[in-house]
Amino acid sequence: MDSILKQGTYHHSLRVRYGETDQMGRVHHANYLLYMEEARTGMMRALGASYARMEREGIGLPVRKTGLRYRAAAFYEEELVVETRIEGVRVASVTFAYRVVRPEADGEVTLIATGSTELACIAMPEGRLVHLPGEVRAVFEAALGAARR
Amino acid sequence: MDSILKQGTYHHSLRVRYGETDQMGRVHHANYLLYMEEARTGMMRALGASYARMEREGIGLPVRKTGLRYRAAAFYEEELVVETRIEGVRVASVTFAYRVVRPEADGEVTLIATGSTELACIAMPEGRLVHLPGEVRAVFEAALGAARR
Amino acid sequence: MDSILKQGTYHHSLRVRYGETDQMGRVHHANYLLYMEEARTGMMRALGASYARMEREGIGLPVRKTGLRYRAAAFYEEELVVETRIEGVRVASVTFAYRVVRPEADGEVTLIATGSTELACIAMPEGRLVHLPGEVRAVFEAALGAARR
Amino acid sequence: MDSILKQGTYHHSLRVRYGETDQMGRVHHANYLLYMEEARTGMMRALGASYARMEREGIGLPVRKTGLRYRAAAFYEEELVVETRIEGVRVASVTFAYRVVRPEADGEVTLIATGSTELACIAMPEGRLVHLPGEVRAVFEAALGAARR
């Protein structure tokens, strides 16, 4: 269950919980938003821009827009890897893109889902749109640059 | 999906969501805590002691203790009824008891689960234990009396 | 908490649960997928094409693609309405579109979120893509026609 | 995020997800059942009695009874450790006990919650009570013995 950041992509491992399956025997589709959130905030922590600290300083990043495509089913107890990278940075928002894959015994990976989330930057608790803090934006732009290289 | 309060017991109907099932094909056991919470706060609203309003006034009721027994499985799309009553009121805590039942076509009910939750009364956000507000305590005691009668 | 179907749009009411909020004090964004699922399967039941029955007959409709835009925050205990309509029917898939709104005291509604889900039709448990059952497809097309009129 | 089994106790680390908090700013109480489930099934896997494999062989272990006491609040992004041990083994059931703790910077731990779950052994899908498979029971009893030593 390691997590590593390389070339602007954050690789985050997690294991499917029993309670995340549904009666179709697969991971219920809503849980991928939680997997992506766990990966995204793990990436922010790895980049030195902890989301927990941002909130303590009065800045929130609620999800404004999301899109997901489900490519293959994932199952209980499987180890999945969420590959996360920054896709765009603007004055008051940031967009992350994700690939959820299952590493297979033969060294290949199966693509399970792809998605993206656009996050707005707000002052909490009132919710007014504000600029991303300068140092957070710099960190996001560096990761965006590393992903593009 | 009606909810009614009679003789100190609050009858709250809900329908099992697909995402609440697990791969065993039943309602996942953790969801009963959400059903009980929905019923409990619905009861408080019906009693005129809205939990949303309590929180806005700086008082929280986190769960301090819970116990559940699962008697029979419940399934997707079934309509369940959570019967809730107050079991005990103290200076800084209140205990609710629950029966989750499934009404059957023949007019009988199947017992699905029983449980209880003990809630502590705290000042928010710091979490210090405080007395239940007087009017809330009065309302709880009246419901307790009605349930015992 | 009534649900009604008129002119191809299904209006489904629900109340936000405490456990559906997050520490930002709003409904966590993943829960809208559960709200949309509850509304969609309610609509199918109202149309006489119960999803529970489809599964018992060996046909599943897993979500293949989804997109959501969050327009305004929703809060604990609020009553929301999910307006659902069918947006497209194909040989082996169907697309639903949603508007989540909050009715206000003045009779207006606040738009909370919009979204869509594309569902593939599969044979269970193996997951092979199959045609929508004829009667289900007919029901979907009638609802699609009613929504367009 | 390591997990180790020593002297009959399984130490499983996890990090609190954002979506697991509620508007009180803490981990919502229902999530502890998911943490305990993740720890319990991790322990079974470590013991060589994978729950995923049991289900594939037609045996399920639904939760029949649970109890939890919440001792202190846990917060977003904290790393928690769930200490799990087997408390009792019977012909057709097994009971696990849990301590959820938060390791602190000074090397101490804060006790967050304690709990237990009693699991019934059933034949799936019909749900009839059956004996624990011999090798599973032997593994549970060995772990129980190790915990008592």
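Should a chain be cited, it is by its letter among A, B, C and D, assigned in written order, with residues numbered from 1 in that chain.
By our rule, a residue touches a chain if its C-beta (ideal position, glycine included) is under 8 Å from a C-beta of that chain, and two chains touch if they have at least 3 such contacts.
On a predicted model such as this, the values are computed, not experimentally measured, just so you know.
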Q. C-D versus A-C: which has more C-beta pairs touching?
A. A-C
**Q.** Chain of greatest Cα-centre distance to chain A
**A.** B
Q: Express in whole angstrom the distance between the two chain centres, defined as the mean CA positions of chain C and chain D.
A: 35
**Q.** chain A and chain D, separation of their C-alpha mean positions in angstrom
**A.** 27
**Q.** Intercentroid distance (Cα basis), chain C paired with chain A, Å
**A.** 25
Q: Could you check chain D for residues that touch two or more other chains and list them?
A: 18-19, 23-26, 30, 33-34, 37, 76
**Q.** Interface residues, chain C side, partner chain D - complex
**A.** 18-19, 21-26, 28, 30, 76
Q) Along chain D, where are the residues that touch chain A in the complex? A) 1, 15, 17-19, 33-34, 37-38, 41, 45, 50-52, 76-77
Q. Which residues, counting only chain B, touch chain D once they are in their complex?
A. 23-26, 29-31, 33-34, 37, 55, 60, 62-70, 73, 124-125, 127
